[in-house]
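In what comes next, subunit A is part of two complexes: it sits with subunit B in the first one and with subunit C in the second one.
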Partner chain A sequence: MTTTLAKPDYDVLNVLALKKMAGAPAIAAVVELSPDDVEERLASLAAGGLAVVAGGAALPTDEAEPRLAATAAEIYAGVRGDDDVLALVEQFEKTNAALLTTMSSWQQVDVGGRKVANDHTDAAYDGKVISRLERLVGRLDGLIAALARHDARFATYATRFATALAGIDDGDHDLVSSPTRDSIHTVWFEFHEDLLRTLGRERAE
Partner chain B sequence: MADVLAEGYNVFDTKKSPSGTVKYLESPADVIGLIQSGKLAEHILLVRGGTTTFLAPALSMGAIGVITMSGAPESHLGILSREFQTPCVMTAHLTNSDSRYVVGSTDEAHFVEIARELDGKKVRLDCTDDEVGRVVAD
Partner chain C sequence: MSAPGWTRAFTDDGEVDVELLGGKGAGLVRMTRDGLRVPPGCVVVTTACHLYLDRGALPDGLVDELRDRLSAMEAATGRTFGTGPEPLLVSVRSGAPVSMPGMMDTVLNLGLSREAAIAIAERAGDTAFMADLVARFHAMYSEIVLGALDERDAVDAVVARIRPDDDPADAYERVWAAAEAALDEELAESVPAVPDEQLRHAVEAVFRSWNTRRARTYREHHGIPHDMGTAVVVQAMVFGNLDDSSGSGVVFTRNPVTGEPGLYGEYLAHSQGEDVVAGTRTPDPVARALPAPLLRELEGACAGLEARHGDVLDVEFTVERGVVWFLQVRSAKRTPEAAVRIAADLLRDGTASPSRALSLVTAEQLRAAARPGFDGDALDEARAAGRVVVTGIGACPGQVSGELVLDPDRAKDRADAGADVVLARAVTSPADLHGMIAARGIVTATGGSTSHAAVVARALGTACVVGAGELEIDAAARTVRVGERVLAEGDPVSLDGASGELVAGALPTTTPAAATEAMDALLTAATQASGAAVLARVTVPADVVAAREAGATGIVTAVDDVLAASGDLNHLVETLLEKGWDGGGSGTALDEVRQAVARQVSGLLAEAGGADVDVRAIDLLADESRELLQQTAVTTRHPELALPLGVPALVAAQRAGLALAAAESGYGGRMRLAVRHVSDPAEVRALAEADGAGPGMGTYLTSPRAVLNADALAAHSAVVWLEVRALQAAMFGIPARQFLTAAPLDSYVARGLLSTDPRHAIDPSVEPLLAGLAEVARAHPDVPVGVRLSGTVSDAVAAQLYALGFRRFAVDLPEVRPLLLGLGRAALAQ
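What follows is the complex of A and B.
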C-alpha cells in the first residue's frame, strides 16, 4: 500500500505536479507557505524520491502521482461523497469544453473556413472572446466555493482567476492564455487537474 | 515528394519545419531525462496524446516539434503548442497502416505500432497545411 503524505507536503507536491516544473517562489504564491518553507518541503520531498530539484526549479518524479493519488483518496473522501460537489462537477465538464473552444478562438480566427492566427487587431472580436471567458470563469464560482468548504485552499483559484481577469481588463491580454504566466488558461488547467486528482478521476480524452 | 510516414491534425499553420530524431516519451521521467540531457532541440517528441500533460516543461524549455497519437487541436496541449509556437501534429496515424485512433475504443496495439515505427527515425514536420500535419522522412 502506498503511504500518504502529510498535509503541507501534499499541498506543495500537488502544486508542483500541477505546474509540472516550478521554483519555490511560484509554489509559495499559491500555497499558504513562505518561499523558504516551500524550499524546505521541496528538499524533503526530493530526499523522499518524489521530486527532483535542478537549477532552481523542481520537477515531480514518476513516484509523485501515485503518492498524491493515495493521499487525495484519504483526505478528500468527504469531497468524493458530497452530492453538491458532484452535481457541480457534471456541469464543469460542459464548461470545460466551452473554455477550450474559447481559448482556441482567442488564438486563431476563422477566415473563409481556414484557421489563421489571431493577430489581435480586431478589438471587437477580442472583446467578445474576453467576455465569454469571463462568463465561463464565473460558472466555476459555485464549484470552487463547494470545494473550499472542504479545503480552504481551493478558494485561491477564485483569487487567481479574479487577478487574471482584472489584468486583462487593464489591457494585459497575455493573461488570457500565456503558459508562462498565471493566465486564465494556466489557472483553469491547474484547477481542472487538481479537481480530477481530488475526485480520483482520470482526464477524459 | 518526400516520404510521408504519418499524418494527423495540424494544430496551427506554420512555415517552421523542424527536423530531428523522433523520441517517444512515456512518462514524466522521460521528459526530465531529456531536458537534463541537454539534447531537447535534437528531437521531435512523440507522446500518446491530449491527456499527456507532462510535456509542458519540454515545451517551455524549447522543444522543436511534437507528434501526438490522440487528442484534438483544441486540447490543453494544442493550446500550449500554439502559445509556444511549437509545431505539433496531433492524433497522427501511420500512412502505411489502416489503424486509426478512435476516442474510447483504441487498443494498445495502435499506440505500440506508431511508437515502434517512428521512435528513433529522422523526420521533419510539415505543418503548412491548415488541416493536415505531416511527419516526413528526412
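What follows is the complex of A and C.
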C-alpha cells in the first residue's frame, strides 16, 4: 500500500473529507472534474478502503485523514516553503477573525448589552453587514491567487464565493451563513480547513 | 427665505412627505416638530436626485440654495462654515424613502478647511484633538465619497505624534499631507481642501450611490422603483468631546432586555458618539452619569416620544457644553421577552391601541418567549448541588437536555433513533455538520463566541456553548473529564446556551410565569379582535394542559397518533395481521381498538374540561404512520384500509371506544370523530347513519374533489376539517410527506422551479378551493368548518385565511399563540 495518493484522487478525497458526505455531482462541481470521473475515483478510493459509497453518496473512512495528511505533506511541500503564501496566511488569520465577527453580527444584534437573534427587519443594518462581508471575501483574493499558482484547484474557491455573493445580491440571504448550502460561511469554513490541511496545521477552534 | 424647492430646512412648514424627504430627513423633521432640540439642518429633496441622475449635473440653483441654508445654520449656531473663530462643521448623509444596502453612508466633520481646522485647535486649546478630527474626516471622505478601503497606518502614526500644544497650522499641514499621500497611493485621488467643494462632491456622491450595483439589485429584488431617488441630509455637527460638560449617549425608553419600564442606557462624558459604539471606553449608566437637570430633560423627552409613537424607542443624543441635542430616534431593538412585556404594558396603560400593541410583537418573538426554559428552582438546586460541570461561553441561547454524545456520527444515529442529543467536541470541523444538525445542543472545548462552531450553531438555531476549556474529551474511553468529574457517553446532561453552563443530569422545563401573563394579555386582545377559535393538535394529556394554557379553545387529535405514543399501535397491527378483522369479541383486533381508544383517549378528555375535542380516525396509510408500522405488510394484506370506509367496523370500534372514554372521564364537551379522505356525499351519509350512542361523525377533507363537494358533505357532517397540506400536495402532485422536511424542496425552490413554496404559502391554484369552502362554512353556520395547518404558520397565511372568512383553525401546539396573534393582527388590519 502506498502512503500517498495520486493528485486527482487527493482532490476528490479532500473534498469528501471536507463535506463528510457527498455525492459525485456535488464533488465534481467543486473539483472541476466530470461527475463520471469523480464516480470512478470514488470507486477506486472505496476499493482502497478510504471511502464508503452507498446509495449515491460517499463517506470518508477513518483511514482518509492520515492519508490526506501524508499526501499533502508531499504535494504541498512547495506551498509550505513559499514565503509569499506564508505571509498571506498570517494576514488570513486576522481576516478570518474579522469574518467570523461579521458573521456573528449578521446572526445576532446587540440589545442593551445582550445578543439577540437578528430578525432581519433592519435592511440598512443587514446591508452594511453584507457590504463588509463582500470586502472581507475580497481580501482573500491574494491568498487564493498565491495558492492557485501552486495548485489551480484553489481558484474554485473564488468562483464559489462569487456565486454565493451573487445569490445574496439576488435576495437569497441564506447564502450568508446557512451550513447546509454553499454559503459564504460554508465556503470560508471549507477553505480554512483545506488551508490547514495544505499547510499541515491543526485547527485551533 | 424664498427657496425654490431643492432643499427643506428641518424647521420649514409643509407636509412631511417621506417620498420627498427620505426616511432620515422625514425623521429629523418630525423630531424637530416634536419639540426636541435637534441640531439645525436641511434636506436636499429626492427630486434633485432625479434631475442629477438624468443629466449628470446638480440642478441649477441647488448650490446657491445650499449656501443660503448654510447661512441659516450659521445664524442658528453662531458658527461659520469653513472658517473661524467658531467653525461650523456638518454631516452629510444619504436618506432614501426606503432604506437599502449599497447606498452611501455618512460623512462627518465636513467643513474642515485649513482655517477652520486651526480655529478648532485654538478654540479647544488642543491641537491633538484637531489632528484626530482632520484624519477622521479625510479617511471618512476617502472611504465614503471616493471608495478607499486601505487602513492608514502611516497617517495614524503622524496623528499619534502630535501633542496638544503643537503649532496648529503645522500640525494640520502634516496630517493633511500624510492623508493625501495615502489616498494618492491607493486611488490617485485627492480630497478638496475647500469646504464648499467638499459639500458639493459629497451631495453628488450620495446621488450617485443610488445607482450602485448592489442598490439596483436590491431594488429589483424588492420591487422598489428605480426612479424613487434618494434625499441628502446636511446637518450641523455637535461635539460631545469638547470638554467635561460634553458627552454622548444612547438611551432606550425602556429596558430592551427585560422590558422593564424606566430609562435604560449609557452615557460617556467627553466623547463623540462613535466612541460609545466602538466600545473603546466603557460608558456609564445614564441615571448615574448625567447631571440631574439633563437627566430630567431626557426623561421628559423620552416619555413624550413613547406616548406619541406608541412604542419603545432608541434615542441617540449628544451633550455639548451642557446642552442636550437629539440626533436620532428609532424603534428600539429588543429581546423576545422584552417585546412581549413591552407590548402588554403599553396595551395596559393605554399608550398603545390593541392594533398597535399587537404589531409590536412578531410571531417569531412570541415563539421564542413561549419556548420553555429550565425550571428556575431545579436549576438553582443543580447549581447548589455542584452539578454544573463546566461553564463556557454562551454562543447561541436555548436551554436543552439530552444524552451526552461525543462524535457527530453517533449523534446522528441516536437522534435518528429518537433521542435528544447534546454533542460535545474538542473542536468542530466542517465534517461535523451532520452531527450538529442532529443535536439539540452543542458544547465545544475551544473557540470564542465568533468561532465557526458558534456561527454554524446560530445558523441552525441550536443551543451552543463554546470555549469550555476545562472539558477533556477522551474519544477512546468515550468519556468527558472535567477535573475530578467524569461523564460517560450516554449520560443525561443539560446545556444553557446563554449562561454557558453544562449541567450533569436532565433538568425539567417550564414557561416562565411572567412571560405567560404578558402573552395572555396580548392574546386576549387578539382573540377579542378576531373572534377566531384555534384548536391545538395534541397526543398526550400533558399537551392538553399546555394547549389550554396557550389559549387553545379546543384540541384535535388522531387515534393513530395517540395509540402510537402509548405503544398500543404496534400490538394492534400485529393482532390485525394475525387475526384479520373477523369478529368483535374479546381478543379480536376490533375489540383491541375499542379498548385501547377508551383507555388512551380518556386521559386526554380528563384534561380537556369542556373544550371541543375533534378526533381523527385511524389512517394507516398516512405518512405519519409510515415510519412507525409494518405498513406495507398491513396494507398489502388489507388493501381495503386505503379507503375511508373500507372497513366500516373499524370506524365503529373507534366510535365506541370514544364513547367509553367520554363516560369514563366524565367529559362534558363536544367531541366528534372525523374520517380522512372522504370526498363523496354517499360516504358521509353512510357515516352519519352510524348506530348507537357516540360522538358525531365528521370529515377531514384532503382532496380537491372533497373540497368541491364540500357543500353536500357539510350537510351530513357534524364537523368539517380541511387539511391544507394534503390539498396543496394533491394540487402539486407531490407526496405530502415531502412538505415536512427541508430536503428536497429547499433546493428545488431555490432553483426557481416552483413559483410557490407549498410548505410556506398557499398556492394561487388552491385559493379558489379555499374560497369555495369558506362559502360553504357561511352556508352551514351550525356545522363547524375549520382549517388544519401543519408546521409553522406565517402571518401572511393567517391573514389570507382570515380574509377568506375562516374562523376555526387547528395547528401544532407551539403554533397556537403565534396564530392567535396573527389572526388578531389580521382582524385589526381589516
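Basically, the second predicted complex is superposed on the first by the 203 of 205 C-alpha atoms of A that agree within 3 Å, B and C clash if a C-alpha of one lies under 4 Å from a C-alpha of the other, contacts with A are read in each partner's own complex, and residues count from 1 in each chain.
Everything that follows uses one rule, which is that a residue touches a chain if its C-beta (ideal position, glycine included) is under 8 Å from a C-beta of that chain, and two chains touch if they have at least 3 such contacts.
Everything numeric in this text was worked out from a predicted model, so none of it was measured.
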item	value
Broader residue contact with subunit A after superposition on the shared chain, subunit B or subunit C	C
Contacts of A:20 with subunit B and subunit C, given as first, second, both or neither	both
Subunit B versus subunit C as contact partner of A:87, first or second or both or neither	neither
Partner chain in contact with A:189 - subunit B first, subunit C second, else both or neither	both
Which of subunit B and subunit C A:52 touches, first, second, both or neither	first
Touching partner for A:62 - first (subunit B), second (subunit C), both, neither	first
Touching partner for A:127 - first (subunit B), second (subunit C), both, neither	second
Which of subunit B and subunit C A:104 touches, first, second, both or neither	both
Contacts on subunit A seen with subunit B and repeated with subunit C across the two complexes	20-21, 60, 100-101, 103-104, 107-108, 114-117, 177-180, 185, 189, 193, 203-205
Residue ranges of subunit A touching subunit C (in the complex, touch as defined)	17-21, 60, 97, 100-101, 103-104, 107-109, 111-117, 119, 122-124, 126-128, 130-131, 135, 169-172, 174, 177-181, 185-186, 189-190, 192-193, 203-205
For the subunit A and subunit B complex, residues of the former touching the latter	20-21, 52, 54, 59-62, 64-65, 100-101, 103-104, 107-108, 114-117, 177-180, 185, 189, 193, 202-205
List of subunit C residues in touch with subunit A within their complex	98-103, 105, 149, 213-214, 217-218, 221-222, 252, 255-257, 264-265, 332-336, 338, 362, 364-365, 368, 397, 408, 427, 429-434, 436-437, 444, 446-456, 458-461, 466-467, 742, 746-747, 750
List of subunit B residues in touch with subunit A within their complex	12-13, 27-29, 32, 36, 49-51, 53-54, 56-57, 59-60, 70-71, 73-76, 78-80, 82-84, 103-104, 130
